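Look for chain A in each of the two complexes below; its partner is chain B in the first and chain C in the second.
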Partner chain A sequence: MSGPAYVDALDLAAGAVLVCAVVTLWRRDLRAIVSALSIQGIALGVVAAVLAAHEHDVGLGVIAGVVLVAKGIVIPALLRQLVRRDPGSRETAASINVSASLVVAAALIVVAFLVSGKLTALLPNTATHLTPIGLATVLLGFFLLVTRRKAVSQIVGLLLIDNGVALVAFLLTAGVPLLVELGASLDVLLVVVVLRVLASTMHRALGPFDLDQLRELHD
Partner chain B sequence: MLLYAILCVPFTAGIVAAIVPWARWVGYLTTVANGTVLCLGIVLAARTTNRQAIGALDGALRADALSSFMVVVIGTIALLAAWQGIRYLGVEIEREQSSRRHGALYALLVQIFVTCMLTAVLASNLGAMWIAVEATTIATTFLVGHRRSDRALEASWKYIIICSVGIALAFLGTVLVYFAALHPVGRAIGSSSIQSHGAGVLDWTSLMAASGHLDPGVMRLAMALLVLGYGTKVGLAPMHSWLPDAHSQAPAPVSALMSGVLLTVAFYALLRFKAIADGALGIGYSRTLLVIVGLGSLIVAASLLITQKDYKRMLAYHSIEHMGLIALGAAAGSSLAIAAVLLHILGHGLAKAVLFLASGEILILEGASEIEKVPALLARRPVLGGIFGFGLVALLGLPPFSLFVSELNMIRAEVAVGLGWVAGISLVCMAVIFAVVMAHGRHLLLGGTPKSEASVATSRLVSIPLVSGLLACAAFGVLAWPLQPLLHAAAHVVVR
Partner chain C sequence: MTATVTTSGLGASIVTSIVQLVMIVLGGPLVLGVMAKVRARAEGRIGAPIHQPLRDLRKLLTKESVHAEHSSAVLPIAPFVLVATAAVAIVVSPLVTTTPVLEHSADLFVVVFLLLMGSIVLALAGLDAGTAFGGMGSSRAMTIGALAEPALLVAILALSVQAGTSNLPKIVAATLAHPSWAAGPERLLAFVAFLIVILAETGRIPIDNPSTHLELTMIHEAMVLEYAGPELALVTLGEAMRLGFLLSLAASLFFPWGIATSTNPAHIVIAVVALSAKVVVIAVAIALLEVRTAKLRLFRVPELLTGGFVLAVLSVVTGLVTR
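After this line comes the complex of A and B, so read on.
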């Protein structure tokens, strides 16, 4: 793939990653948040696929497939099971309201653009100019993680960070070496499985819970 | 062959432990396996002290003096932890707090945990090292939550969330290093600037060779992310908050492994990246970062230790202090400083493992983890109390234990490179911690009204490993041979 089609496709897919990140901050319904995460995973896979087509890189194509299946389908499915245990669940305990969150999100996106100047300066091209989007996704994930209190939202925050890092990796270097990338994807999958099991165990032990209730250990 | 064996032996023992339900002989099997790792680590150290590196598996595994030193540390602590684990699981199953199946899962996860740490220090590819460090988080989460109480579950949730975030940042840092290595600056275009787009770029040797040509702007951002990211796993401020919870809630042998080696394996990763970043940026940049996180950790540890009422949490905050000291030593960065840092890694690992294992035994016998509820240990349980007391003495950095030597050398090195003010602040924090721990320790060992009950003997399964751990820690403080050449060779790996 080359020329304007490549640029448009890459811009569109990377933009979708960021829009999904903002949607997770905007929506309160946990099911909607998980759906946004699922779309983000698919968009991330598309970014990798577009880059693979552009660079004629078969290894990257394989990774694109793995990312699409793992982050677009498997991980969201695991999270949906968790949401279903606690029907009608909404993120009500957030410590910051939606409009304030969106303002902070805008500020974080600006910060990401400022920070990534050094990165794009080393190798200016279509792909690296999009790296601020990856960094912004990382920052938004951080923000989601520290302001939300439902187990599912915290897992989503963690995954936003991870997707952001993966996006930066694809855009800057067309993915780290194949084995490392596959190992990293497998690790993420395992972390989500572990978190999923842990959340179920906690659900059994404590009933429907907000993480705010976990205050026994603090100084 | 040697490197394969180091990875395969503990893993195979774990598989065996997973297949059969827990029994005492399985515990001895894992102990022997981890002891074998220690012996192989010593052989490896003897072969790499001459500054030759050993490779295996087409260069995917690589051991230089620094790696083999870490293998020795991991082997030592894993041996102690597995030995005490026999007693720990035995008591748990006897009291029906967990089943034999659950015990098998525990043994499997501990062996996987040990194997992951060994892989991290033996991987030549820094991306593979990252995967192994991340895998330790996955393996230990269920170990932290082993007791399945509300508190243990809370601790493991915090642990995996915070550490996964940290390790994700470290991955971003690794990606940026890779990006910088793919596009070296300051070389004639067409000579070797277009490197093969393969795994070799992230190899330690090629990164070290190319470090002078890495783009400084990218490397600054990368190193900041790596310090923050791997710093999370090391337990350095500001991302330390998982550590006291995880270390106080995990079963004693797991706490010993986490505090004794997992923290320093993450620090090992930081040392490697520091060497690469120093090549690109000069020593000043990473020194500033490490001074900030090191002093931050010392201040956090000193201020939060004062209010601790729980002896396992006290030990956990003490780990944050020691990681801060190690970070400051690494900030100094001379070869004297790095040798002292490595000796401190070993000494702290031994002393902290002994203390956590002893505190596990105290928890088993007394059933309380508050300092208030466990007075006059020395009168009631002389051997256990003595071990705990000498462990505290070692940890506070008093002679003859090796932590005294390493702390002294780190401070000397800091003063020598003009970080005297940093050494001054760290001494003040250490003095505060010394006073607090002495007060807690006095109550624990001597204080209160000694009850009239007769003194109780301590199980040999506990006393033999712990006393030998303490003796080793003291021996390394007095004898320079056999360790000194290895430490210098290891320091030379990361100091130019």
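After this line comes the complex of A and C, so read on.
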């Protein structure tokens, strides 16, 4: 793939990654948040696939498939099971309200854009120009992790950080070696499985997934 | 360019700008009628005819004007300022033609601030009579305006970053020259932000319900409760013009095809038809959206509007990144 179609497809997919990151901060409904994460995983897979088609790199194409399945389908499916236990669950106890966190999100995106200027200046091309989007996704992930209290939201925050790191890796280096990427993807999958089991156990023991209630010791 | 050409060009620009103004003055109320009709049909009612808002305006014009006892000069002046600012914004903006009169003044900041001026004057009029409802409506309208106006500014700014100019006619001309821009991510984001702003600025569901007089929820209606007769007609017309203007501006900025690039009468006729079609499509879409959604709680409205603002910011950033 080359020319304007390549540029448009890459812009659109990378844009979708960022929009999904913002949607996770915007919505309160946990199901909607998990759906946004799912779309983000698919968009990330598409970014890798477009880069693979552009570079004619079969290894990267395989990675794109793995990313798409793992981050777009499997991990969200695991999280959806977790949400289903607690139907109608919403992020009600965020420590910063939604309006304020959206304004902070806008500021974080601008910061990401400003600080990654030097990085993109090293090798200016279509792919590296989109690096700020990856960095912004990482920052939004950290923000979600810090301000939200539901276990599912925090897992989503962690996954946003991972997606952001993966996006930067794809854009700057056209992907890390196949083995490393497979390792990283499986690692994330394992983390999600562990967190899911942990959250289920917490749910059985404590009821809701409000992590603030874990601050004090009970008999 | 010789002096004669400039003069004839100016005359033609004036004529097309007047065409724009007449079109929005008549079209704004008709768009309201179309939206009411679509809603009625979607809800299984027959609904009033499409030209009902125009009939209402004619009826109001024949009635007597009444002012509250302790109101000041702000109350009678505000409707004129509202209509005048909307009219100036309509005349200088590229709706039917890319060469409206005073095209060099049609900066995005000018147009947004003209709209803002109308909102502020109306809010002052709401406060003027000193009634509880008026003050409440003004306070709510200003809260929403404070969130919606920056979003509008930033959404158009995203387009201006892409086109490299803040002049609206030039942005439209640049979009015509680069059709591939229309599908870019920054355009999509800016369009969604723009739609949210239109809903907020014109008081549509899910932000405000134009057909309610329930004190807990009304925003715009609370502000204009003190108006009667011809002044109410002007306020209603001003609001209809703003709706028509914002929809037309969205159509011209995001889907400019069909707009007249010259002052050829045939082109202008085509442009009028094309613009009407585009505005009706957007209006019908908004009306269907209104039927499907419930009004947001007042305290959730800022979330929606900040979301729109962030989308607009994202649009600008994406525009800068992908340049």
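We adopt the following convention: the second predicted complex is superposed on the first by the 215 of 219 C-alpha atoms of A that agree within 3 Å, B and C clash if a C-alpha of one lies under 4 Å from a C-alpha of the other, contacts with A are read in each partner's own complex, and residues count from 1 in each chain.
Keep this in mind: a contact is a pair of C-beta atoms (placed from the backbone, for glycine too) under 8 Å apart; a residue touches a chain by one contact, two chains touch by 3 or more.
If you're wondering where the values come from, they're calculated on a predicted model, not measured in any experiment.
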item: Most chain A residues touched (candidates chain B, chain C); value: B
item: Partner chain in contact with A:V180 - chain B first, chain C second, else both or neither; value: first
item: Chain B versus chain C as contact partner of A:L158, first or second or both or neither; value: first
item: Partner chain in contact with A:L51 - chain B first, chain C second, else both or neither; value: neither
item: Touched partner set for A:V115, first chain B, second chain C, both or neither; value: first
item: Partner chain in contact with A:V103 - chain B first, chain C second, else both or neither; value: second
item: First, second, both or neither for A:A127, with chain B first and chain C second; value: neither
item: Touching partner for A:D11 - first (chain B), second (chain C), both, neither; value: second
item: Contact footprint of chain C on chain A as seen in their complex; value: 4, 7-8, 11-12, 14-16, 18-19, 22, 26, 97-99, 102-103, 105-106, 109-110, 113, 129-130, 132-133, 136
item: Residue ranges of chain A touching chain B (in the complex, touch as defined); value: 115, 118-119, 121-123, 138, 142, 145, 151, 154, 158, 161-162, 165, 168-169, 172-174, 176-180, 183-184, 187, 190-191, 194-195, 198-199, 201-202, 205-206, 211, 214, 216-217, 219
item: Footprint of chain A on chain C - complex, ascending; value: 180, 183-186, 188-189, 302-303, 306-307, 309-311, 313-314, 317-318, 320-322
item: Chain B residues within the chain A interface of the complex; value: 125, 127-128, 130-131, 134-135, 137-138, 141-142, 145, 148, 150-151, 153-158, 160-161, 164-165, 168-169, 171-172, 174-176, 178-180, 182-183, 185, 197-199, 201-202, 215, 217-218, 220-221, 244-245, 248-249, 304, 307-308
